[in-house]
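What follows is a short report on a single structure.
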């Protein structure tokens, strides 16, 4: 056989693979660079006071506690909206819906909902919740908006989790004379739960990091105290970063706080994603069917 | 589905009001965006061109990188590497956009201006780089799925015939995954098109039709985000912003439909069974 | 405790925020939230009844007054300070002064290079505000005489963002409320007049204006107490600290 | 064809089955005799599983399918609109090819069916679980670990657990679709023993691709080929003197 | 054990194989004789496929696996670091269980290998494709539709196409992993005919779960059981007078 040619083919392979390795280094380098940069600049700002106090002295001192809490409320609120809706939709889609034109259209709709820009969700939330339902700028308006935003994520993850439950479980249950609903409740849902949770955590992370949808529906610049009802507006981490970085007379003085806030937000969001990823990996490893 | 319908309904209910006074053709093709002057001009062509510009440039950056990363994950990475790299790419996907906007504004913009000696670091190029970072994970993960769904039997058949891994990749795997990779690219572009915070903070905000990649632009989403807060409910300007929302909605809808169409139409026929 | 929501002008925002902070220290249990979205939004929220206090860096427009009347709202205007809108450039720029006419030419796009107004041979990067901001409306009326800003002007959403952009850009020109001046940017004199408390008060500075807080009807209770505080000496001290001009 | 003397518990009359446009079964007539083991054999894809699943209406779960003809259980047509599918499945138990215990405890696997149907509670239920596990010859191995996950059992144990789970419903008929094909030789022979035991109390219909297994455990054998029932009769007869040529070719390994 | 007189083309010496910690093959010694058909039989999961795929180093693709021992092809160890895996796979062709033609034209399927290796071009390549298709007895059926997609062929035709594709590389050995298990009886017997034909020019190693098939086509039969090579020898001997009890139990259908 032609040895020279063989060698050339191997060389070509090596060269191509090195290019691909370069690509991945570049991509991950960008991620690493950003995280490192934020760490270096933000770590100095982090302190107990920063995490547990309200802002002081024209936002140049103090902390971001109200923003942390606000983001927490908004995110949990979004989950309260998205989880029941999303899981029911997923159950319907994977267990009840009959394959056909209608289902294709519904699926397409959900898929497209996932592609709707977040700022459009913001507009929608403004028109429907803030103005039409007269919720005003409030936790409830923001949560509903964010909830709808992450709905496709939750539906997708739940459907996937349900789909991964082997059909033999369903058949076994049905063959024992269980109704469909009994089968879903007693066998399918428990088996799918870890997957649904993972998906929800991912959704949680997404909701925590979004800015555009809460800009007109929930967020405010400064609030010292925690909100008292769901009708109150709140500070939120992503919005806090945005306004501190672009507004106010003291942009330069608040720079360390900006980095600190970015660091807190990144830790929260990436932490949630990491948690989901680890959970999923564990699930795959320990999956027994 | 209901949500989808509601979104369309409300966007239309609000946005359509504009077209009572403004001709839709003038709206879309008008070259001047002066929403608060008397008389106002509601021409969003510069905004559309701004969106198009950042979308194209960011794809130029993101597509090769995103596809390359997918190929790496699918074929080059060892098992151990994969288990590290894949979650890392997913983490990139979960970086909040406001953080990318922040980095682009505070870090990249001054650097660009310094190095390239350009009038402003807040421009198409900077925004596109940040948007590319958002699009890459989308492109990578969908293409990787596509590469994976090429039946193993086909890859094995090729290898068993004495093809190198690279030859198998280019001759069998990539052709088989082409539609998936196309879908991935379009969805990545759609993501860049709809992203708000990055362009709001980094693109510069000038409502002009760009002529260079270092021009500042004012893409559709950033216009909505910047101006919505200040405009009175039901004013013409408010309606115009909703109309922009409609345009944006339909552009991304178009992208998504094309993506869905491609992935359905060219779905891998599966292992060639009976 | 009670609650006050404040929203509106980004120019007034630092004053409102700081005042709220100090006021809350004195009145435990009172909760004040402050948002900064723009003057239009401040006035809008008074008309719509969505906030207790609406900040604005411009007066109400005829249209807005009409809308308020239609809704049966009587906005009450409280002057809380004065301001000069100052043209700013990067400190590396040698220029010191521009006339109103030169500013107009720059902003409308007639002048595109610094050398045309006596500077270096470099392009001018024009930075302006989103056209719905109060600062822009005043600038538009007093400098541009309602002509249009050149379309390639970069539009920023707040005073702070303009200051930032100019600080980071050698060729840029922008304009901000006097409170936003700092060492990273250089304020120009306009037709030889320096922006200052004095020139603002005697109206010799050509782009001076008042800063307002609006309420729906005469303020009562906590809102009244807060507004009284802002108008008091202690409040005006805050206005001064934030770089603006006390109205008395 | 050999007619048994015992009265049939199942009578299948003119059964056709369609997956969409594809006709998977052609005009099947078959009688299953009470307290016998009936084996279904035939090459891959001939319709054995499809036929078996028609006996407890499991094929209904597949969209786009259609049944014609009758399946009489004690004289009542299972496909009569009056008949409740849940009740059918309670009366006709099923064991699948791959052991498929629920990811629950051993106890809860067996108790699943009785609980659903409110058949028993408390100590009565305990008794029921014990009896079922004894009937499937698993009791001694698991009596001390009833609350452990069923997924921890070996494949053969899991399959016997699935059998116990089916038995706990006190069905009249047990359907088994290649119940040993995923098991090792020892587990296989235990299940085969069990099948022979069970026919005292139950009627068993078993699909198998292992002809020797059919010969060992069944009383009656039915040979299917591309959707048709080619031949049915006494097992010994089928394996020694088949009347059809296709049957002979198949059992001598010319194809399949 | 029966030793053949012909010189072996493959000698496997002390072969162990591990999927992670799981040892799938235990110390296998086996000789494959040139121009013979060697059949590998044994119950599901005994390691037949694993062993076969070690002969062209296909198992390398599975992460976390490990090989010990030698596989000598014409005296050269395939697992020697000097040896190029691409070259190994060219010399050792493979046909899989499920027909897996590329989604390309019939012509391009067959030409795939020769093109890769720069073996031929132009009319020479045409000739090569024709010869290979003739050798796999497919030429007459496809000679007019060479540019149509291979996916349009029937299952049996696809499998013969895969055979042609392998033959086009002019390999020394052909490995086949249950090549007929997805085919109908007629397609099966065509492939069996082919295998008998092919041994004139090639050495064939074939895995099958159909013992009659092994008896029909092979010269030598090797019986695997849970990762061990229990017995190997002349096919007739193995099927009539096996020396090991496990072999006998298996071929008489006591399990599997």
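Letters are used for the chains, namely A, B, C, D and E, taken in the order the chains are written, and counting of residues starts over at 1 for each.
In the analysis below, a residue touches a chain if its C-beta (ideal position, glycine included) is under 8 Å from a C-beta of that chain, and two chains touch if they have at least 3 such contacts.
The model shown is predicted, which means the values in this text are computed figures rather than measured ones.
Chains that touch both chain B and chain C: A. Of all chains shown, A has the CA centroid lying nearest to the centroid of every protein CA atom.
For chain D, the chain with the farthest CA centroid is C. A count of C-beta contacts for the chain pairs A-C and A-E puts A-C on top. If each chain is reduced to the centroid of its CA atoms, chain A and chain D end up 47 Å from each other.
Taking the mean of the C-alpha atoms as each chain's centre, chain C and chain D sit 83 Å apart.
Among the residues of chain B, those in touch with two or more other chains are 164, 167, 200, 229, 233.
Counting only residues that touch two or more partner chains, chain C has 156-157. Taken residue by residue, chain E touches two or more other chains at 86-87, 90, 116-117, whereas all remaining positions touch fewer. Which chains touch which is summed up as A-B, A-C, A-D, A-E, B-C, B-E, D-E. Within the complex formed with chain B, the residues of chain E that make contact are 56, 58, 61, 63-64, 86-90, 93-94, 96, 98-103, 112-113, 116-117, 150-151, 154-155, 158, 162, 165-166, 169, 182. Put simply, chain A touches chain E in their complex at residues 1-2, 5-6, 9-10.
Chain C makes touch with chain B in their complex at residues 37-41, 43-44, 47-48, 64, 67, 123, 125, 130-133, 137, 146, 148, 151-157, 165, 168-172. Looking at the complex, you find that chain C touches chain A at residues 5, 7, 10, 13-14, 17-18, 20-21, 24, 31-36, 50, 156-161, 163-164, 179-180, 182, 184, 242-243. On chain B, the positions that touch chain C within their shared complex are 31-38, 46, 109-110, 113, 119-122, 200, 204-208, 215-216, 218, 226-227, 229-233, 237.
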